[in-house]
């Protein structure tokens, strides 16, 4: 019986780990479709209430800030013409109730009837387990522009 | 014993859920490589026998229709020059024997020796569990062109 | 009791399968961020000691060769300007201690202040389970250029 209990406990721990990694990868996979649809509140809900989204030209420090970015004229202009915030598959590292996810991204926009890759980026998500599931506490996005800072951001892959 | 049985049953249900989500994500991940390889029958087999693939310029309503699209001069011309139907990581929502997957996509083609992003798209898959595994009953693909219809398609993410 | 033991053994086998598939998908997802960060040793460690990376213009046959490629002037030039080795979600097939993963890729580079898709590729990974986890024994990358060879590489999806 002790062996049975140990094996069940080991299964529960391993399965919980895989569920966490899957949930975080799904959160990252939902960002592009939701932001390109203009779903401001659902995008904001990927963060904690005071979560940070630090992207070169913006510094957002709450769900309200993130929702305001989605509703901004700049973002509405982009999605009104049509764009894709295309995020790659996330590499996820879980450590208890905290986690890190890293992926690259491409922003594709329409301009004069053509599709153009406007930006390539590095994305580093810090996440926390909440009663409502995993949420982002800080997302840092930097252009893949050759800078040491961006390379260092990518190199944090695997460090929770 | 009852506790043991309950814990095993809970593990079985959670694991089955994760296996379903994984199988569906893998189905979506196989579309691009198979369609770019020209594997007509294997592409068609991602759908049910009477599955629908509704993409702007085509309306396919069976495996035979999907296979005919892959074998069409238009598609053979694309893959003969070289192209990539690049689909992003799928966000998957399972509800019993039905499921929904959403992702964005980019079609990259070769033209005059250069690689060009020709289209960006929103993809919504409805899937069903069959004796042979998950299959697509309806895939709807629309250009990310700023239209409310495309935004609504992406916003269906999470609703099985 | 026998029923309990059987159910636990079945769970262990199914969970191990899912863990394997997940670990391999994560290995593939880490390649782009690590190579774009210039993390030569960590990129090399995705292969076995004598693993092969066979890409059109290079034939690498060891971790040392892979690390040397990352440190080469050609690669350092690319990442010094800023680039994205963007790999799609991997389709993974495990057979015991061996596995295959297939995905497409896009190389995006900066040129004269613009982002350009320079190459589209087909990627086929052969992997082996080692005491340190899954490692690549052979990765074959070919341009999506319409050649039968590249189509055949993609069509190997699903065959471990």
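All chains are identified by letter, namely A, B and C, in their written order; residue positions are counted from 1 within each chain.
Rule of thumb we're sticking to: contacts are C-beta pairs under 8 Å (C-beta built on N, C-alpha and C of every residue); 3 or more make two chains touch, one makes a residue touch a chain.
Quick caveat, the model's predicted, so the values are computed rather than measured.
Chemist: Which label fits the chain touch graph of this model best, line, ring, star, complete or other?
Modeler: complete
Chemist: Same residues or different residues: which describes how chain B and chain C meet, taking over half shared numbers as same?
Modeler: different
Chemist: Distance from the CA centroid of chain B to that of chain C, rounded to the nearest Å?
Modeler: A distance of 22 Å separates the two centres.
Chemist: Note the residues in chain C that touch 2 or more other chains, in rising order.
Modeler: Those would be 4, 8, 11, 15, 18, 22, 88-90, 106, 116-117.
Chemist: Which stretch or stretches of chain B touch chain A in the complex?
Modeler: 4, 7-8, 11, 14-15, 18, 21-22, 88-92, 102-104, 106, 116-120, 122, 143-147, 150-152, 154-155, 157-158
Chemist: Under the touch definition given earlier, write down the residues of chain C that touch chain A in their complex.
Modeler: Touching chain A from chain C are residues 4-5, 8, 11-12, 15, 18-19, 22, 25-26, 28-30, 32-34, 36-39, 42, 79-90, 106, 108, 110, 115-117.
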